[in-house]
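Each of the next two complexes has chain A plus one more chain, namely chain B in the first and chain C in the second.
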Partner chain A sequence: MDHYTPESPQPRGLQMARSMCWHCQSAVTGEYFCERCVKVQPVSKETDHFTCLGFPRRLTLDPKKLEAKFYELSRTFHPDFYQTKSPAEQTISLGNAAVLNTAYRTLRDPIQRAEYLLALETGSVKDIRTSPPAELFEEILELQDTLEEFRSSDRDSQEGRELRAVLETEQRGLEQRRQEMEAQLHQLFTDWDQLQDRGEATSPAREERDRLLKHMRDLLSNRTYVTSIVNDLAATIA
Partner chain B sequence: MAYSDKVVDHFNNPRNMGSFKKDEDGIGTGMVGAPECGDVMKLQIKVQNDTIVDAKFKTFGCGSAIASSSLATEWLKGKTIEEAQQIKNTDIVQELNLPPVKIHCSVLAEDAIKAALADYQKKADGEASGTK
Partner chain C sequence: MTRIVGIDLGTTNSLIAFMKEGRPHVVPDGNGRTMVPSVVALTDNGLIVGDSAKEHLTRNPERTVYSVKRFMGKGLADVQNELAYFPYALTETGGVIRIRLGEKSYSPPQISAMVLKELKRRAEAYLGESLSKAVITVPAYFNDSQRQATKDAGLIAGLEVLRIINEPTAASLAYGLQEKTQGTIAVYDFGGGTFDISILKLKDGIFEVLATNGDTHLGGDDLDRVLVDRFVEEIRERHKIDLSRFPDHMQAVRLESERAKIRLSDDLKTTITIELPDDKGHFTRELTREQLESLAMPVIERTLAPCRMALKDAGLTSQDIDEVVLVGGSTRMPLVRRRVEALFGKAPHCHLNPDEVVALGAAVQADILSGGTTDMLLLDVTPLSLGIETMGGVMSSLIRRNTTIPASAKELFTTYVDGQTGVDIHILQGERELVKDNRSLARFRLKVPPLPAGVPRIEVNFLIDANGILNVTATDMRTGQSQSIEVKPSYGLSDAEVERMIEDSFKFAADDVNARKLIEARLDAEALLRTTEKSLTDAGHLVAADEAEGIRNALSQLATAKDSTVPLTIRARMAELEQAAKHLNVVMLDDSLKKNLQGKKASQIT
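Moving on to the complex of A and B:
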């Protein structure tokens, strides 16, 4: 067994390939139903979440439109509406409903959406090599020592109260930094979408694309580290 | 899902927790993180005559990450640089009986070992060529 790496997604061309209708064998041209025999068609598990919900690969999606589309498709595929249909159609509706739920759960959260888009665009997280943020790591590990001291101290003692005050200040500082990171991320999301909308295939455009992906990767990672220590802080001093 | 006895043992009695001063002679420092889960690991080695005479770690993360780095420091002590290069994450998985969802913790430990060795090598090379 070698290093664990998540499977890289299929190339985009393959995901969009339409097969024949499973029922009447005609070439399926409709989005979710066969245009000839009107049978429901399975959404392939290889279909990316954006395509599944009928949205372009963008990072600033209107949450209301996303929700509306999700509800619409939920009704379309809901297994309750297939109870009188054939077993094959029931199975397809169930599968589609599951794929749809996963897609919506991922895309409705901006951070998860960005993580997902990065995975689609670059393969696994580890494919973008970034240097670890050494200063942030040192800070986290030092903070952990303080947390450990606090855990083993008598909380009502002078020392315990002082440590708590230190940790509370740290927590506020880190939460502030996380908000700043999120603000930066949202700016990058807008930059990314604008770049995609321009659709240029020039080499400056490609450089800009790589720069944005790397910057987003860094910020998303650092945000995860900060979130992780903030949660630990909050749970300990609560 | 329960942790194996060995993981629990390393978690409750971590070996070689702590740190060396980074700029001391013969110290190699590896600092790595897992952006997927937010775990952070620092692993340091102390080298004399091509042999690792001491190792220390600090880890912020789950039980498996702590156990993996604790075990790594135990294994590193007494090994030559070359022997240390051979340590694989799969060895750690096997020894600690890590479930599939925790394999990334062992990968992190292997990355930390590699980073510490590389850092030591870089410092040693710098000294040899007198550029320090």
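Moving on to the complex of A and C:
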């Protein structure tokens, strides 16, 4: 997978919680520390995770660069380094470190990162449905029946062994399906990043954007669904 | 800059360490011993702690508390199945276990505070300065209540606890400082009462915990118990004695089992000797390492599932682990080392003293907090998922286990009924679906302005700080006003109770000082009585009769005063006796000089 590499250092553009330094009241402009009194400034809870870590809204991020940035910001914000500072600064560092940790946790996992971007671009991520995908509907219903049969059967009987074999084949099939979905998702991630990099504001570009987001949403919810079925299957036949 | 010390408050032993010239050091006592047994005994002369208290385990089992760490942040129901193993009396008040010692009851944090005070006293004497700030370690798998109880213990001991840190991660700091390693390490920490496994990534001075798991009720104590159970059974068969009815003998069996276990880490066989009650002689038996291992195997197997779980949560396999670090006294057992080696496929690292490495790491963390060390940073995780109770008794997870701390989550609450003025919130910790299978941490009532249903919007922020301790705040989203919340802990001391215990502790501190002065005065008085009586017998004839009579008088006065509880009274009588016997001493000295000189030539006297 290609990773997005920023050509030049990204402008920080951090959204701070206040426009004035809480301590000396001078203007702050998206820096972590006040230019005048060098006190740490609170990061706004509304700052999105990409901005927080200084990355653009892209879906193929280099995990090494992400980690390096996370470590750098941890050294900036971690409460361990504020123990000798005032209580106000300690509270700010605690809040900032919590925001940073959430951002990194979300962005380091490609799937969570995509779900998060979808939420940012289109609204609530809770729209991801949990009903079976249409093309899998019949198959899943049948699988649920088999699972029921297996649960009520004697595991060591001939019937139990046959049912287990059926379920194991199903599990392999679904796992393969999930891998295909992930491969498709990664292709969509690359498409999304290329579209964003072109930065066109034309109407076809907007349509392409909506198409990609919708496709991603469907794949993500199907993947979530298939994953929970696979986990359920694995737990039952284990 | 005030010094911050690092403390390993262990189940069996505790240590205190400090940083000097960029290296951590453990504080030794006068005999070079670094470990203070985590034992508190109530004696006729008051409460004593450490090595001297350990001697009371068999002499005075009902009034000698050990392994109190097992009870931190717990209710009585949590420890029901092991009550039989403890000779001291346990009760419960307000969701907190209390330990009965003589006339009084103590909470586990109070007992731990006595151990902490002993460590503090020892370090103050060694460093020649007073100490008020500390980093204290806890098992990584400790929940919120257990961490809070540890913090309370520090407060009661007069220490500001700047940070609670996890034992395996503390060990990794000491290890990282010494070995300068980069890569992925697993810290296998098997102590006296708890087991932890932590998987960390070490890179450019950052110690990032990827996953942790463990069992806060699994340690060397459990190994001793399988031996105790076996020996008690054999004594029942061979001698028809039910030893469990004799608390002092049970303690003796426990201590003998512990010693035998330790010996078998070096030797292949050892002999157990246990004195039987009522002068029925001794129970003797040989125990081989093989026998110990077959008894210990089920206990040690229980450490492996958490290891596999931690690897899975970290998204790693055992091949990804570059180094395995052993911590805790129980890792000295060859069987433990073999099982760990088999699991991770590589020989564990054991160059560091497994007893001291946690305290050393705590001192390193203390140095980071005081600004001394700036190139190392520990990014730890919360070991257990945090959530709240939702409809139908189900736990809804807000912060998942193994999330890097500080971690926060927010939840928006509203009302279902017009004019509703409160929402009850129940906070939980654990990995299970149902509320009843998880640990209840606390409850609180959110105050809501009386408005039509669904209109109020109160945002509650759950923040797990760098100590792994939960802080809850609430904001009314309509007004932006923040609301103070009184959280009632399910298994912990209330703030008021801790406050009172701190006061008591200062009060007792005065009592303690008095007790110590009294003991010293009595000892000095006894010594003075003995020497003066001897002088009077040997040289009484050298002084006038009335003078001898005066000395005899002062002697009997001091003998009576010795039983006083006021040290000053004893000292006053001692001064009187010294005064009365002053002339006698001078005469005695002259006399012995004269005897020495007899028969010597003047030239020999220089």
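Assume the second predicted complex is superposed on the first by the 210 of 238 C-alpha atoms of A that agree within 3 Å, B and C clash if a C-alpha of one lies under 4 Å from a C-alpha of the other, contacts with A are read in each partner's own complex, and residues count from 1 in each chain.
Methods note: a contact is a pair of C-beta atoms (placed from the backbone, for glycine too) under 8 Å apart; a residue touches a chain by one contact, two chains touch by 3 or more.
Keep in mind that this is a model prediction, so the values were computed, not measured.
In the superposed model, A:Tyr104 lies in contact with chain C only, and not with chain B. Of the two partner chains, chain B is the only one that A:Thr224 touches; chain C does not reach it.
Contacts of A:Phe137 after superposition: chain B is touched, whereas chain C is not reached. Contacts of A:Arg75 after superposition on the shared chain: chain C is touched, whereas chain B is not. No residue of chain A lies in contact with both chain B in one complex and chain C in the other. Of all residues in chain B, those touching chain A in their complex are 31-33, 35-40, 42, 58, 60, 89-90, 93, 100, 103-104, 107. Note for the complex: chain A touches chain C at residues 71, 74-75, 78-81, 83-84, 94-95, 97-99, 101-102, 104-105.
Here chain C touches chain A in the complex through residues 1, 162-163, 203-204, 206, 208, 365, 368-371, 374, 377-379, 403-408, 463, 465-466, going by the rule given at the top. Chain A meets chain B in the complex at residues 1-4, 125, 132-134, 137-138, 140-141, 144, 217, 220-221, 224-225, 227-229, 232.
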